[in-house]
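Chain naming follows the written order as A, B, C and D, and within any one chain the residues start at number 1.
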Amino acid sequence: MTYTVAVSGASGYAGGEILRLLAAHPDIEIHTVTAHSNAGQPLIQHQPHLRSLAHLTLQDTTPEILAGHDIVFLALPHGQSGQYTDALGSVPLVIDAGADHRLTSKDSWDAFYGGEFHEPWAYGVPELLVNGAKQRESLRGAARIAAPGCNASTVSLSLAPGVAAGVIDPGDIVSVLAVGPSGAGKSLKTNLLGSEILGTANPYAVGGTHRHIPEIRQALAAASGADADGIRISFTPVLVPMSRGILATSTAPIVGDATDAQIREAWESAYAGETFVQLLPEGQVPRTADVLGANTALIGLAIDRAANRVTVVTAVDNLVKGTAGAAIQSMNIALGLPEARALSVNGVAP
Amino acid sequence: MTYTVAVSGASGYAGGEILRLLAAHPDIEIHTVTAHSNAGQPLIQHQPHLRSLAHLTLQDTTPEILAGHDIVFLALPHGQSGQYTDALGSVPLVIDAGADHRLTSKDSWDAFYGGEFHEPWAYGVPELLVNGAKQRESLRGAARIAAPGCNASTVSLSLAPGVAAGVIDPGDIVSVLAVGPSGAGKSLKTNLLGSEILGTANPYAVGGTHRHIPEIRQALAAASGADADGIRISFTPVLVPMSRGILATSTAPIVGDATDAQIREAWESAYAGETFVQLLPEGQVPRTADVLGANTALIGLAIDRAANRVTVVTAVDNLVKGTAGAAIQSMNIALGLPEARALSVNGVAP
Amino acid sequence: MTYTVAVSGASGYAGGEILRLLAAHPDIEIHTVTAHSNAGQPLIQHQPHLRSLAHLTLQDTTPEILAGHDIVFLALPHGQSGQYTDALGSVPLVIDAGADHRLTSKDSWDAFYGGEFHEPWAYGVPELLVNGAKQRESLRGAARIAAPGCNASTVSLSLAPGVAAGVIDPGDIVSVLAVGPSGAGKSLKTNLLGSEILGTANPYAVGGTHRHIPEIRQALAAASGADADGIRISFTPVLVPMSRGILATSTAPIVGDATDAQIREAWESAYAGETFVQLLPEGQVPRTADVLGANTALIGLAIDRAANRVTVVTAVDNLVKGTAGAAIQSMNIALGLPEARALSVNGVAP
Amino acid sequence: MTYTVAVSGASGYAGGEILRLLAAHPDIEIHTVTAHSNAGQPLIQHQPHLRSLAHLTLQDTTPEILAGHDIVFLALPHGQSGQYTDALGSVPLVIDAGADHRLTSKDSWDAFYGGEFHEPWAYGVPELLVNGAKQRESLRGAARIAAPGCNASTVSLSLAPGVAAGVIDPGDIVSVLAVGPSGAGKSLKTNLLGSEILGTANPYAVGGTHRHIPEIRQALAAASGADADGIRISFTPVLVPMSRGILATSTAPIVGDATDAQIREAWESAYAGETFVQLLPEGQVPRTADVLGANTALIGLAIDRAANRVTVVTAVDNLVKGTAGAAIQSMNIALGLPEARALSVNGVAP
């Protein structure tokens, strides 16, 4: 069976990556691509790397045009997906790459986003621990899926095993992320110009204001079975001169008398058998180059007894495992297809 | 009066930067440049950007060749500077850009470096708080100066004000640094190749093994007047694709009931009147581009009540304020020259 | 049917890319990977992005170990492949990614390479015009294939249509290439260090000394049916700070009274129907980002009447269409498999 | 004597670089900085690297505010400088970093720019050969100066010596330039976003449409004493991922029986004694890193007998020697100050 697909936001980075992956998916037929101001133009004008889709023209993003497909991907700025919820009621599977359906707490939504609150959908991070099970279970047969925030899922995957096992204290997490500018989208902002990005490291949203913070707290609370109030995180993203990638360095205090073996076992058992989330052998740490273009999250774990902290370094491609790959992987699960279909575990390096 | 100078390690990055700054110093005459394997070759072959020094030829690095100058700069791998100490006894001012004379604790030296321990010299970070005074005092008239480790001085300057004022807890510091590869020198290692550095973030020395850790603990202990045992730091450097620069994100728990005003006042008072260490206004954070080529450390301070941590983001040019600029600034102080001579407060951007 | 494969030089960049592509090839089983100094180590230590090949260990590069496979890839420095020719006599298909079997002229070999001359093999650029046909014909059923030089094939594909059609004069070609450092391999040379590559453009082999020059002249002579003596090219490569990619700007004088339509028609007809070599519509030029990770060569063509020159700008990924992709595409042709199998036409961008 | 200065366009890249250089100039007092949409904001908000100018506030760009200074710098988009000409009649020295006063030919202006034509001013490339003399002569005591186009001056300096000496044929020049995006200014365009610039080479204005072409033809015509009609150039700029820098590769046919010695002598004699334009020794080529932040143009010359072309590779910092440094150097000459004052010959590398 082949599923027909529409992708909105198709002229942007997230939409483009969804299309790149879908173009290689044997069960998918890309019918419709939509945009806002770029509607009417050839897709290839905005995504010149998608040669196999050169025949597609961007249409308007309207409920009418999106409806009538088996699957609809929404790659829109937050606050815009929600309005399509009702209109797309007859679409069997809708996957939102935006933030509108990620948070379960209206208070958190109000504090970090604002505007109308929308109900949470199944969260598209299959490998995430949730109350002793995996998030994957919620995705089987799901009709509505929220792809994760790229930074959020990276940090959540980094720490959930230790939190769930009770070997690290989620009450004093510190995460600092080196991130590429593609995560900010194709926005025309001065601080995203090449001249401002090249040769420099540029922190932003410093001091607890980044919108992915409540998403991390929600995920780690679910992993631990505790309340999100007990999850506290100092979170600082730093733009660095690479187009893609997140290298998240996260640390948390070691709990009580957890041994090195117990700590390592928490991560090993959490991700044993997972294709796309891999714990590296002791002493190894990942680079973002290793996962470029891949749906893989690579995790390096170090135990720093002098600092009494566990340090977890995780590399993902923000546009793949962080966004589009998570969406496709979740789609595969929802449809009952092989989970890894059309997704690569190997990065493009150097 | 003009001082004659010899610079060893002149074909490397630190040596090259010392020469770049000295070449613009009106009180300095660069007499001698030395190297090891590159001796006998023109300096310009190894430092093609130093056009004004094209007449110099690299000589052997020997005590005899270095002696007989007013000032000698040692830009050598750690473990090599110490051997020149005795031989350069008659040189009025020796400044070591290496690690051999930074640490006061033989135990720390043994644990992180190994090999012969050498006595500590005056530490070349003038703005650093030391027991209620500034490190600057120890540099006036000094005959032997140890330039700091670039990462170490960046983190120490970031946190010393809060530690000294007692508003942050130095017992649970977390620092993550985005650093350019020039800090690693011209070493021929696979992981430093351009193909391995471009487009990727690459952590190293994860888990408490980086050699600058004891230097930070020593400096913060001196700032607080306490023992280094009470200073604990989780320290992770991440190589990112910029040739120069350190962007250090450091956090520490807020102590007790310190108010926002008290916290900010700690940094404001510490660096009021300093030319080269500047606290940015509330809500602002620095980029490394802002200090490229400059001797400036720019500090952004955020108070994260949700995480109960202060976040300090500091940008320096690792080769200037982190190494060569610190050396020249300390030299100026030692000689009684204007402290800022030949040093720029303005960066080269974009 | 599944073919067994051995890849030598598997710890290098070309070898790694061959493996990345083969790992996704349904007809190939990667049996053996070999190296020189790295033999005995896990492949994943040197190719940490090739997660699906983490089970492989690097063996010694010897004729004995390479023999006994259906296909052997040689990704060795030039001068080293030749020695395996005899020893691999029983291997049905050998593909050399090095230079040893590319040149038909011993004089050119002596002038640009030196050392023993080896007989030329089928040249792995299927789309290249050769005496009115395509190079593809020579690859069908071939047992020995020479993958092209990355810069050479890029320039040859750029200009062959115009040369073959007689609309440009091959006697005064000028090509300037922006190239990423991965083309130079994992060599430990100072000028390839990240600090030397970041933030700078760095020309090399200026003035007619680059080894790919005779390869271009040979290919364009074959395209035109004329002698290589009549092909003259000023060729300058410039290293720029991107890990992968070649952006070749090539110009040649317009011949006589060739009209714009005639000129454009030369390229259009040459590449009509080709999957991996695409002429962009008038007014468009390619970026290397558009072909990153892809086997695609994108060609932009402009006719500059004021300068009386045609300008052809071509983008390829040096490791894919320039090397490993060319090798796999040629292998597919030789084996009678679908030519595009395991090769992507879409790039990874941004 | 101290000269008062006003700089318009002070929130842009060219304006920022003029300010960076002027801030270190002992004879200059920066009184006024102006902008358009950013007027009313602190300069430091837009130029966070100019710490020594943190006290300045951006004012409106009006003739009234600019007038009343000894020197006015115009760093405005082309077409905007001209309108100030009359209004600034009483200002002793006006230096335009824009294009409005560069071209002597109204036809060229109409063809490449359009809009009102303005009279040409003294051209700010002191080292350029003009009818057997140097452009420097026209700048002594000049009241109105046009700083050059960055690409134009780079190519003109590259080839003028050979054209003037008659050893190369200016009728078939080919220039390809690797350029950093800062040359395009702080414009909010999608193709200038960091995500579009990182990891890719991106040609533009291909096929003879770049606006610097008539400027080059004019300069080389002046160098040769011939008409601009005889100067033909194929000119292609390629954006590469470095914030600053131009690496221009220019070739031209060797004329008749010019010997290697005659060719080399043309460049040697042209630039003998020049501080800021330096011919490298035979066999050497420059990198843009060598001139970052410096006012230096480094020229490498190769003679390619097989191609019958001279290849000239020239590196400049587009914002310094290409724009702001050229402006300051010209100012120094106009005012009778030492020509090199406040300008560095040494680059910032790595």
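By our rule, a contact is a pair of C-beta atoms (placed from the backbone, for glycine too) under 8 Å apart; a residue touches a chain by one contact, two chains touch by 3 or more.
Keep in mind the model is a prediction, meaning the values are calculated, not measured.
Asker: Could you work out which chain's C-alpha centre is the most distant one from the centre of chain C?
Answerer: B
Asker: Counting C-beta pairs in contact, does A-C beat B-C or the other way around?
Answerer: A-C
Asker: Roughly how far is chain A from chain C, centre to centre by C-alpha average, rounded to an integer in Å?
Answerer: 36
Asker: Cα centroid separation between chain B and chain C, in whole Å?
Answerer: Centre-to-centre distance between chain B and chain C: 45 Å.
Asker: Counting only residues that touch at least 2 other chains, which ones in chain B make the list?
Answerer: Within chain B, the residues that touch at least two other chains are 13, 182, 195-196, 198-199, 241-244, 286-287, 289-290, 292, 349-350.
Asker: Spell out the part of chain D that touches chain C in their complex, as residue ranges.
Answerer: 172-174, 176, 178, 195-196, 198-204, 206-208, 213, 232-236, 238, 240-245, 247, 249, 251, 253, 285-290, 292, 300, 302-309, 311, 313, 315, 349-350
Asker: Which residues of chain B touch chain C in the complex?
Answerer: Chain B residues touching chain C: 13, 180-182, 186, 188-190, 192-199, 239, 241-243.
Asker: Once bound in the complex, which stretches of chain B touch chain D?
Answerer: 13, 16, 20, 23-24, 47-53, 182, 198-199, 243-244, 278, 286-287, 289-294, 296, 298, 344-350
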